[in-house]
Amino acid sequence: MSTTRNLVALSAPEAAELVSPDSLVLLPVGAIEQHGPHLPLDTDALLAEAAAQALLDDPPPGVDLWTLPTLAYSTSSEHLFAAGTMSLSEETFLAVLDDLGRSVAALPARRLVILNGHGGNTALFRVACRRLRLQYGLLTFLVHPVLSADHGGPKGEDGEDGLGCHANCGETSLLLHLHPDRVHLERAVSNVPRWLADYDHVGLGGDVTFGWSAGDFGDSGVIGDPTRATPERGAELWAAILVELRAALVEVARFDFPASVLSGRR
Amino acid sequence: MSTTRNLVALSAPEAAELVSPDSLVLLPVGAIEQHGPHLPLDTDALLAEAAAQALLDDPPPGVDLWTLPTLAYSTSSEHLFAAGTMSLSEETFLAVLDDLGRSVAALPARRLVILNGHGGNTALFRVACRRLRLQYGLLTFLVHPVLSADHGGPKGEDGEDGLGCHANCGETSLLLHLHPDRVHLERAVSNVPRWLADYDHVGLGGDVTFGWSAGDFGDSGVIGDPTRATPERGAELWAAILVELRAALVEVARFDFPASVLSGRR
Amino acid sequence: MSTTRNLVALSAPEAAELVSPDSLVLLPVGAIEQHGPHLPLDTDALLAEAAAQALLDDPPPGVDLWTLPTLAYSTSSEHLFAAGTMSLSEETFLAVLDDLGRSVAALPARRLVILNGHGGNTALFRVACRRLRLQYGLLTFLVHPVLSADHGGPKGEDGEDGLGCHANCGETSLLLHLHPDRVHLERAVSNVPRWLADYDHVGLGGDVTFGWSAGDFGDSGVIGDPTRATPERGAELWAAILVELRAALVEVARFDFPASVLSGRR
Amino acid sequence: MSTTRNLVALSAPEAAELVSPDSLVLLPVGAIEQHGPHLPLDTDALLAEAAAQALLDDPPPGVDLWTLPTLAYSTSSEHLFAAGTMSLSEETFLAVLDDLGRSVAALPARRLVILNGHGGNTALFRVACRRLRLQYGLLTFLVHPVLSADHGGPKGEDGEDGLGCHANCGETSLLLHLHPDRVHLERAVSNVPRWLADYDHVGLGGDVTFGWSAGDFGDSGVIGDPTRATPERGAELWAAILVELRAALVEVARFDFPASVLSGRR
Amino acid sequence: MSTTRNLVALSAPEAAELVSPDSLVLLPVGAIEQHGPHLPLDTDALLAEAAAQALLDDPPPGVDLWTLPTLAYSTSSEHLFAAGTMSLSEETFLAVLDDLGRSVAALPARRLVILNGHGGNTALFRVACRRLRLQYGLLTFLVHPVLSADHGGPKGEDGEDGLGCHANCGETSLLLHLHPDRVHLERAVSNVPRWLADYDHVGLGGDVTFGWSAGDFGDSGVIGDPTRATPERGAELWAAILVELRAALVEVARFDFPASVLSGRR
Amino acid sequence: MSTTRNLVALSAPEAAELVSPDSLVLLPVGAIEQHGPHLPLDTDALLAEAAAQALLDDPPPGVDLWTLPTLAYSTSSEHLFAAGTMSLSEETFLAVLDDLGRSVAALPARRLVILNGHGGNTALFRVACRRLRLQYGLLTFLVHPVLSADHGGPKGEDGEDGLGCHANCGETSLLLHLHPDRVHLERAVSNVPRWLADYDHVGLGGDVTFGWSAGDFGDSGVIGDPTRATPERGAELWAAILVELRAALVEVARFDFPASVLSGRR
């Protein structure tokens, strides 16, 4: 029996044999987009990749986990104001996810987990998860190494008053921990949108959401205060993230609908 | 000067004259979809319509509010397992919103508010709000009469253990208050997915979201316990909703990005 | 048994039970578009809505009629030169009609009638009627409260020399009858394209049709002479329209292809 | 000066020099579709081609006419029940017409005339004519050698009671005149849908139109009575058609909007 | 038995009867695009048409060949810099080929041959051939009267150093042979991109291909040296082309996959 | 000055500063598709990745080379008969390339090189290279580590009679050299389509190309004879490939159109 958990390292006959209805297929997705003057364009791809690798190296107990190659490119339209951002349109990205979902559904696996390194894709992934459930009968799940405040994630306590959501203290700390050579902390600038505190309803993660470009928050491309970032904070966050991800996958592996009336692959 | 706030009751020259950069254009969107055996197919459209009408009848102070006709049809793919549901595909609905946003942007108004009566559209609307901001320079906002638990809304206390999200106690109570003749409470059945309580991560509004059809929860089309609904509970909820919506619109009317670097309509 | 004929006031199980192969499902479609300085943007939606309501209030004898909510937004590209017009692109609108037709075809009904309040959509609806017939096996029909001269309708005798086709005497009279508060007759201007009389072949409803924007006829947005409109003329027209519509639906209800070789839903 | 009027026989520099704002560009469009057991699949293409050739051979006086190659393939979805029909989908065909219109608009010409040999395309061409007018500023016109009864054309007097519209007496007579070697009159069958006479509103060219496939009228693919066709009748019809087409083009060549407010190419 | 080999000259019932699984359906495709100052816009359509006609007049022995009407319009985006070019977008053209392929697959025939008169379409046709094989089970083939150097064709010896690929000596000679009246040889200019000889890898038909517009090679629209063209050279080339095409079709007619595991039409 | 040549390791401001009009941006593209019983699904991605890495480690002299992350997923429709293949549709993949090209064009770079690890994408990339040249003004190039025989590449001499093109001796040898742990040579089977030798015109890389699925060649998914593969052969091939690629990039870096009349970015 093969011990690798890298799905694409298998040959096609191996994949058909080793992947089973109990398997969980993991698709890590990153982004190539501006992350201020101090973080690299591939920050989100690095985070998704690192999380996938950690899960591959030390799979959650009892989970038959198979990872796919990281999709580095996704939708980053809110960062297109800055050159260097590589963004698929929303329609194109939904079509990519449809095609990949259809391909996964041709395997014996029933569970597809999207590991999302880029908060800006959360809404699109929720749309895609529903479609792949309905069109191909897959059980679909969306997990985040870091759920952004904009989608109900923790609002942080890093001197950002819960207003950091891009290239901020937490994200920068994680990079300092995982890829210190990629961070130019000396170039980091703080740009906490404290003016948002004037609103009770409208806000990142508020009950009234709003359309925005990162350029709406100024020209730095930062939303938060990365100047407070430290590798220690990053190590701490990363450890917590991995604990959560492993626990989440354990649940995903046993999740099912006990009374579904849908036909097709259950 | 015209005192109506129904945008489409104006002639085109009036619209160009009376709508200003300070105006707020409101687009109510409903859905036509199964709501169990006791609620009508147009439940979400009725809620969006009633909220829009209440705001039109008694506009929030200081808000130059103009409403558009309710778009009754939207995306309800998760309810297509039951005949009677009328659903636009995700691509079609995004295209509809693009076209309507482009049309609104031809007016002097800068602010578009989507009033969403159907929780299942929340992710699509978040995608659309971003696109309309980026493509047409509109300030875009998403408000809900009832934000579903699945998107971070309140989880209710109606004997549903926070697991009611469709045709449930709250929604049924609202209909009993607003349109009692449309409710067949005697046909209501309870279908609380208590099995979800076995999961800490995966859940409606959990940190791990999942793709689902209402048919995944059983054949009734209900997710929650509508049998506990009362008109009194509905009246109470409705009053609270209107207070929240008015407060939200007051904020929306003054919301702006103080340091945006985007070109175009600000 | 339910006595309502508003399809979406039913619950999903009721719809599946009460709608039968003999039922006729009616989809009213309007438009939001400039109608000169004297008529509201929603003129066509008001007409479609009023006709649907009249049919709902007093259904044609022997017709099992079920109405859907009015689709207020449609394609009005020929009026986009004036702000206030809300227009779906042709592709988007065809996709909307495909989606709605597919949804109707999931019910037991076999007959779908589009009640078209906006002449500019006639060609698109003819395309859609054919597609829905071929793709979903529905029997599809297109009816008009007012068939425009441009598509073979009556050319009027209202001092317009058969050249009135938008915001003209007839349409204005109808609004004066149905919604007098929405009409600013004092702002009405006459714009009869008498220059068209120089052509024998090219013309509105001629054997040579031509592409046009309402802006091709001048800046008023009017094509015709609304200054002659009266509520009496409107009442007269409306009565005749309802007689025709009722008679048309009686025919539609019994229409069938006696020798069709198509498979699928007959 | 070149004397040819075949646009594509010119070199590109010649086209840019000889085509002027007064020129009229003619695009003949046919169809490849079943025409019963007695007429060839390319009947409509032959008609469009013959008309274009006749106009090319003897251009209407004072008209600077340039013809394009006949587009043999178009939308014939209503004939796809019979193998041999070659049909583009509606979306594809609209896209083809957009592309061709954009290409024509790059020339100095302002007027594009579509010569439609296939009645089933009339609605699509009306949609396209509007789009090309609005998107590229072209003056667009739609002419027919034979306008079908379904779109307001003459209902014929050929023993078909006005109910012949495909592979019928008139069309067959025209082919007998133009391409007698292509007609197998001995195989012709009559299929006049006299049951349509039971309807006053619903009908081919009636005020209530309906979606249909030719297969809805039976398995022969004929709608009408071709058995009465004669070459003499065809010669008579053809002579009348050419008189009408020439007169139409003379009008088209001088047609313009005297008061258009549209920007762009007038 | 019919002796014609023009597929669309058949009636639908004839087509279903005479076309068999052994038949080969030939679709000639041309282009309408600039060909320098000396050749007509329809050069590629003329070549495809002439080749198809020659095959029709003298079919290869033992081949049951049926030709379709020439599709004159295709994708010529690399020539759009010059007015007169009529080009479908790549997506539109692929959709056209899908639709035509689906239509052919409804006949008993199993083999579709695209006869490509325009080198610029070669890559698109290779994509289409694969799709039609996979989607409709057709055996699909791509043949060229003249395979361009850019796609591995012969590089010529006409004083062009293998660098002629559009409106060049060979193509001009062919036109001088086939349609001398269409050629203005006195206007021909030479434009051989000898600078390409500086590259060993990058080149027309090199192992590194590159994106280009004909305008990238100068303003004449010529790539090669047509001034050396003669009708004698054209006659010689044409004879060789027909020999090759006939031999190719003989092979195509017997080609099959001996061990295919694909389901569907083989 | 940064010494890395990994474009996405830069921050956005760095990218805007360090990338110049002389820079060459390299996009490696792989595929996830069946490669017989002995090679992994990601064979093509591994090859593209290894080549990109080699070029990054030892850039060609004088070339300002910047690499993008490998796009692992592309179009592999001809391998979808075997589960494990992950394939984007042709339209989706073209849209992805458009989006990425547009993003690259926002940088100061003028040259985009696609490094194609999967022969099956060659035609699509040629289409894309032309589009990106025309739409965004980029100079675009397509290079292959291994150009397949099907597109004019070397036909090999590995006992495959020039008929090996997928999971064959050469490709297997390369994997044995680069990733020996991924190869199960003991499972390799030979499947040389010697029946192709019966055809002179139709063939892989012949003058008549044909649509095929790998399943058309049998159920093994192999086209060629991988059983003869050795790591020594792989090392030899790899060394030659890198020499060629470096030489190609040196040319690409100086390639330009000396007389282009196109506007926009040159």
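In this document, chain identifiers A, B, C, D, E and F correspond to the written order of the chains, with residue numbering beginning at 1 in each.
The rule is short, and it goes like this: a residue touches a chain if its C-beta (ideal position, glycine included) is under 8 Å from a C-beta of that chain, and two chains touch if they have at least 3 such contacts.
Being a predicted model, the structure only gives us computed values, none of them experimental.
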| item | value |
| --- | --- |
| Chains in simultaneous contact with chain A and chain E | F |
| Chain pair repeating C-D, as identified from A-B, A-F or B-C when over half of the contact pairs by residue number coincide | A-B |
| Cα-centroid distance, chain D relative to chain E, in whole angstrom | 28 |
| Where chain B and chain F are represented by their mean Cα positions, the distance between them in whole Å | 48 |
| Inter-centroid spacing, chain E versus chain B (mean Cα positions, whole Å) | 55 |
| Overlap residues in chain A, where contacts from two or more other chains coincide | 80, 91 |
| Category of the chain touch graph - line, ring, star, complete, other | ring |
| Complex contact set, residues of chain C against chain D | 77-78, 80-81, 90-91, 94, 122-124, 126-127, 129-134, 138-144, 147, 151-153, 195, 199-202, 205, 207-213, 215-219, 244, 247-248, 251-252, 255, 257-262 |
| Complex contact set, residues of chain C against chain B | 7-13, 15-16, 32, 34-42, 45, 68-73, 80, 82-89, 91-92, 95-96, 98-100, 103-104, 106-108, 182, 184, 187, 221 |
